[in-house]
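Pasting in a structure now, in structure tokens, and then I'll have a few things to ask.
Should a chain be cited, it is by its letter among A, B, C, D and E, assigned in written order, with residues numbered from 1 in that chain.
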Amino acid sequence: MTTTAALLTVIIPAVVSVLGLFTGSRWRPWAREWAVLGSLTCLGAAVLEVYGVLADGPVRQITLLGEVDTGIAVLSLDLRADELSAFVAVAVALVACCVQIYSTAYLGGEGTPDEPLRYPAFAATVSLFTSAMMLVIHAEDLVLLLMGWEIMGISSYLLIGHHSERDSARAAAVKAFLVTRFGDLGVTIAVVMLIVTARTTAIRDLLARAEELPQSTVTAVALLLLMGVAGKSAQFPLHTWLPDAMEGPTPVSALIHAATMVAAGVFLVARLLPLFLAADAALTVAAVIASITMLGAALAALAQDDLKRVLAWSTISQVAYMLAGVSMAQAATDAGPGVFHLLSHAAFKAMLFLIAGCVTHLVGSTLMVHMGGLQRTNLKLSVLFGIGLAALAGVPPLSGFWSKETVLTAAEHSAMHGGGWAAWLVLVSGMLTALVTGIYAARAYGLVCLGDRRPPPADGGHGVHDHLPSAMTGVLYVLAVPTVLLGLLMVHPPELLESAEIALPTAALGTLLPLAGIAWVLHLQVRCHRDVADLLPGAFRAFLRSGYRLDDVQDALVVRPVKALARVVAAGDRDVVDAGPRGTASLAQAGGIALRRAQTGLATGYVTWLVAGALAVGIAGVVLA
Amino acid sequence: MIHLAGPLLLAAALAGTGIYGLLARRNAIMVLIGAELLMNAANVLLVTASTLPAGGLSALARGASGPSGDPLIPGQVMAVFVVTIAAAEIGLALAVILLLFRRRSTSDLTLVTDLGEASESGSTPPRQRDGEPVTAAAVGGQSLQEER
Amino acid sequence: MIDLGMDLGEIVEVVVRAASIIVAFIALPLLLGQTEHKVMAHMQGRLGPMYPGGFHGWAQLVADGAKFAQKEEIIPAAADRSIFRIAPAVSLLPYAVALTAVPLSADLVGADLDCGLLFVLAAMSVGVLGPLMAGWSSANKYALLGGLRAGAQLLAYELPMVLAAASVAMAAGTLSLTGIAQAWEPWWLLWQAPAALVFLTAGLAELQRPPFDLPIADSELVVGPYTEYAGLRFAFFLLAEYAGAVVLSALFTVLFLGGWQGPFDDVLGPVWTLLKTGLMGIVIIWLRVSWPRTREDQLQRLAWTLLVPLSLAQLVLTAVVVVAV
Amino acid sequence: MSGIELIFAAFALLAWGSGLLAVTSKQVVHAALWLVVALGSLAGVYLTLGAEVVALVQLLVYVGAVVVLVLFALMLTRAPIGISHDLDASRGRRLAAALCGLGVAGLLGGTLVAAVGDHEVDPDTATGSPSALGEAIFGGWLLPFEVLSLLLLAALVAALTVSRGGGER
Amino acid sequence: MVVGAVIAGGVLFFAAGVFANRILRPSVPTPEKMTTYESGVDPVGHGWSQSQVRYYLYAYLYVVFAVDAVYLFPWATVLRQFGWATLGEMGVFLGILAVGLVHAWRRGALRWS
């Protein structure tokens, strides 16, 4: 059963996507039913898989594509199903399902400009993405994983650029693609290195033999993989694409850039944890990256004006939490805290994004200056929003609280037991981030839900609606369930999460800090009607808002030198290399003018010369031989 | 027993004849006839090759003369293929010639020199054929002007 | 097949065989022609030739032949004389050659060839040149148009005929005509019925006999390619038509009716073949009498949209059965 | 000279002679018909060389179909009865063509005969039987065979397009 | 051998017939007799007024398929031996050609108009 379920989670979305992309106009009216049905079945398969794995134990080898003999190594492109893959699969399937249902109203509803033509393509691409993510989750072989990894990249590109009529969307899509591709290069090289040195890319072999491989190889591979992780999971310094990726439709942001794809990097580390454990340096690097990213991104989130960008930066920050949790591992079973946070984050962040979509739907803008007073206009939505933000901030007893505290506890545990300075860095950074998270979450709630209704945007906004379709609100309740209740997993943790523990002192501190932040911000907002971000000095705020001007830095350090180099090369090509061909060209032209007299246009005449020439060559050959 | 010189000479003679037809004729269909002869020269060689004993020429030089033991008898298979290709080729070539004739009312290759540099395309006056003025050429000339 | 190191006895055998084929080739068409006269007449409620030779006008066609031989031959001034002259021979000879390979019984055959079926089809395919040459060399509008029609028709129907024949060859697993007749079993009548139907229809069209006599349709084209012919050469064209009918009947018998197979076929084999051939001849005459002439467009459409697909389907059926059994 | 060589020589001479007439005849249709004779006698040549199927294919396809195509084309391009004076190129070009032809024949014949001319072979009709050919085609030459179907398809489509092209423009 | 003899015999028969005809027949050519027959009226124009490419198209269609039929015969003899694989191979061959036929049909080349 586990085998079948795991196969189905990969195959169903793939089939749905192919059918959606390649069937003709006759099936277009059914695109909606088709996509929803597909994602529901996929969810069912994932739940079955969890059940199977918990009941019967993991299945290490599920044949998918058979064996490939590359000459230096035989790759068996198989799948596996264990608790890690099963739980993440459920998260992915659940979010994908909610997003598909949500999109039927948000993008494919009556009257939306996308409805007739672009919605089917959108739904099919989402299915394609789901399938690719499932492939990554279930891959037993790194090559197979890489295939899924790349397909995710391309579907992400397509989805960010969904509104391809907008320049900004196209630019964002290209940026996301290039940046993540840059990271993927590392993964590709790592896989090649593994094929050459370890002669295998089967994950179980790699994990079993991680200790035997040469230390230098393992370190290099781990660092290269980390590059891909940073790209896919939007970690410093490859995080710049994610805030821009908010150009994509909100459901896409919810699915890809919040819940699933960005988690793929963390997933990869968790999956290959023994390999990373064999390379201490890589884990330390990961911890440092995570520490920098979580705090930096949280601060940036604080300064944003755009609701979606707040959520985007918070995603970067939260993914850094996960990475930190995984990087604190000291044994192969220690992936628990990071994965736990991955699961809970998937639930509450998807919910938050979808709520943001609802708010946008009502207001016609994603800027927070246009929002406000949601508590009065739509109490249910504002309650849901509050739950999501509270989960994000780690308010007990919501899911975010449990998962975040396990991460902090792991850091503390590591710091206390010889984890060194990196663990202390994570712990301190994590505490500070918790505080900042509380602040910006409360700020977002205050701006959106409290106060009075703001005037609509000057241009009237695009698509202001009076009410929300039930397809959009329904899924919020669905997502609210795990957001609230996921902590119950801690009561009777499965094997995967057994390493996730909560130490009381750490938890107390980690709870009090955000609560204090929240209280202060709400007080400021309700009593003084002040935006906490206004307290920041203007220049600093702008600096944060632009994401530390990292784009400018990259522009100066990478883009401009490359462009200059290209100009030099082009000039050299034009003035030095081309001189020869140009000279040849004029020579040939002169020759051509002379020769054109011979072109009589008489076919048989040409053939005569041809035959005579062939004859001459033949005779010459005979004579010379 | 057949002396190999016979088929070989026949092939050579046919090839020479075909080449002559290819080069000396002005009528496009006649040119094709030359090409067919050329192809058949090749076929004669192929079929001759299939009569060689197993091991081909080198075995022949050793004095073997038995029938070919090669189960592929490539010569004959290739000969059949050549016939097939010739059929495809000539059909297409004739279709082109028919199109030319409908456009220009001629299948004389010396009148079709549009691709040449030296001649002014289409300005060649339609020649007289068989002593009678080609009135039909007016149609051809007209279509020429339409094309230009 | 070829070994000239033969003794006198073998040479005599070859000559005898050839001579008997030639005799059969002349006699059988005459017989068929006479049958046609009589059968047609009776089908139309009249008597037909009654006087020449005394008994039921048996010598009518011999007399006709003698008459043709005495007639003046007219070659139009505008015609291409040499081609005009040899065209009848080109029409006639292929059928004689084809008849060579058709067996009367397992060992009574002009030449038992390895690929006899392919040989017969190849020989008959040369026949298309005859009407074309005749039509072109006559320098006559009717003749030219008739020649083109004949050419197109013969080509179009050659294909289903070849495909139908291939089906039988496939069923028997050999191209030898004797082999095919030997492999024949009665249930093939059912199994190969579509092929037989296609073969008969296409064969009729090949002969340019009614209902497929478009090229020589007298109401449209006088006699098509043969318009300018007179005298003996015209008679040769007529002979070619009946010879073709004989060859077609014989071939049909061998391919689809089991040739010499029948009760006591070790003794009566040739008789059975002749009987079946005669039966087929009468069927051909019958079809002529009972079907109206088709139109040119119907003709080509029939060939390409019905017969070819039908024979292809038969090929598939045969192949599947052969491989599966 | 054995009997079979005699027959071969007869067919070969007939083939070459009619081939020569086919490329020199002043009357278009005669040229095409001489081509028929040449191709027919070449079928005989193949027979004497033991290639039975090739010979019959030659008859069926070349004589029965290809030449008919040529004749059709001639008739559709209004081939006149009688001598046409514009069949051949100018005297100089003809001379060049003859030289080329002689050169090719001499080169080919010379090298081939010099290489293998003094051997004898024993043609075996068994190699030319349909089943042997079938085994060869469907055993070892399958891919070229399948590719041929693509060639034929392409030629057919092209011919359809070309022959319709005139009317549409 | 017999085939050659039959061809020779056939030619002989034809020649003999023509020879006998030459001896037996009268020969009185007159200009009227020698004119082209055109239902009794004087010939008008040339014979080329009707020239239709469709004849050529049909002929070419035939050539293509005749070529493919040629392969059917060797195939027929080895079908039993090679089995399903060969069937599939010929299926592919014929299938590709059938595409050509369908194309011709769709293009209207098979309509006689």
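What we mean here is this: a contact is a pair of C-beta atoms (placed from the backbone, for glycine too) under 8 Å apart; a residue touches a chain by one contact, two chains touch by 3 or more.
Small disclaimer: the values here were computed from a predicted structure and weren't measured.
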From the centre of chain C, which other chain's Cα mean sits the farthest off? A
Have a look at A-D versus C-D and report the one with more C-beta pairs in contact. C-D
Taking each chain's centre as the mean of its C-alpha atoms, which one ends up farthest from the centre of chain D? A
Please report how many Å separate the Cα centroid of chain A from that of chain D, as a whole number. 67
In angstrom, rounded to a whole number, how far apart do the mean CA points of chain D and chain E lie? 18
Taking each chain's centre as its mean C-alpha position, how far apart are chain B and chain E in Å? 21
Expressed in whole Å, how far the mean CA point of chain B lies from that of chain C is 33
Show the residues in chain E shared as contacts by 2 or more other chains, in ascending order. 48, 53, 55-56, 59-64, 66-67, 70-71, 73, 75-77, 94
Touching two or more other chains - residues of chain C: 1-2, 78, 115, 118-119, 125, 139, 144, 148, 151, 155, 158, 175
Expected list for chain B, residues touching two or more other chains, is 19, 22-26, 80, 83-84, 87-88, 91, 94-95, 98, 102, 110
Pairs of chains in contact here are A-B, A-D, B-D, B-E, C-D, C-E, D-E
Counting only contacts in the complex, chain D reaches chain C at residues 2-4, 6-7, 27, 29-30, 33, 36, 40, 47-48, 52-53, 56-57, 59-60, 63-65, 67-68, 71-72, 75, 79, 81-82, 125, 129-130
Partner chain D, residues of chain E touching it in the complex: 46, 48, 51-53, 55-57, 59-64, 66-68, 70-71, 73-78, 81-82, 86, 89, 92-94, 96-97, 99-100, 103-104, 107, 109
For a test of understanding, state which residues of chain E touch chain C in their complex under the given definition. 1-3, 5-11, 13-14, 17-18, 20-21, 24-29, 31, 33-39, 43, 47-50, 55, 58-59, 61-63, 65-66, 69, 72-73, 75-77, 79-80, 83-84, 87, 90, 94, 98, 101, 105, 110-113
Residue ranges of chain C in contact with chain D within the complex: 1-5, 78-80, 82-83, 113-115, 118-119, 121-123, 125-126, 128-129, 132-133, 136-137, 139, 144, 147-148, 151, 155, 158, 175
The residues of chain A that touch chain B in their complex are 596-597, 599-604, 607-608, 611
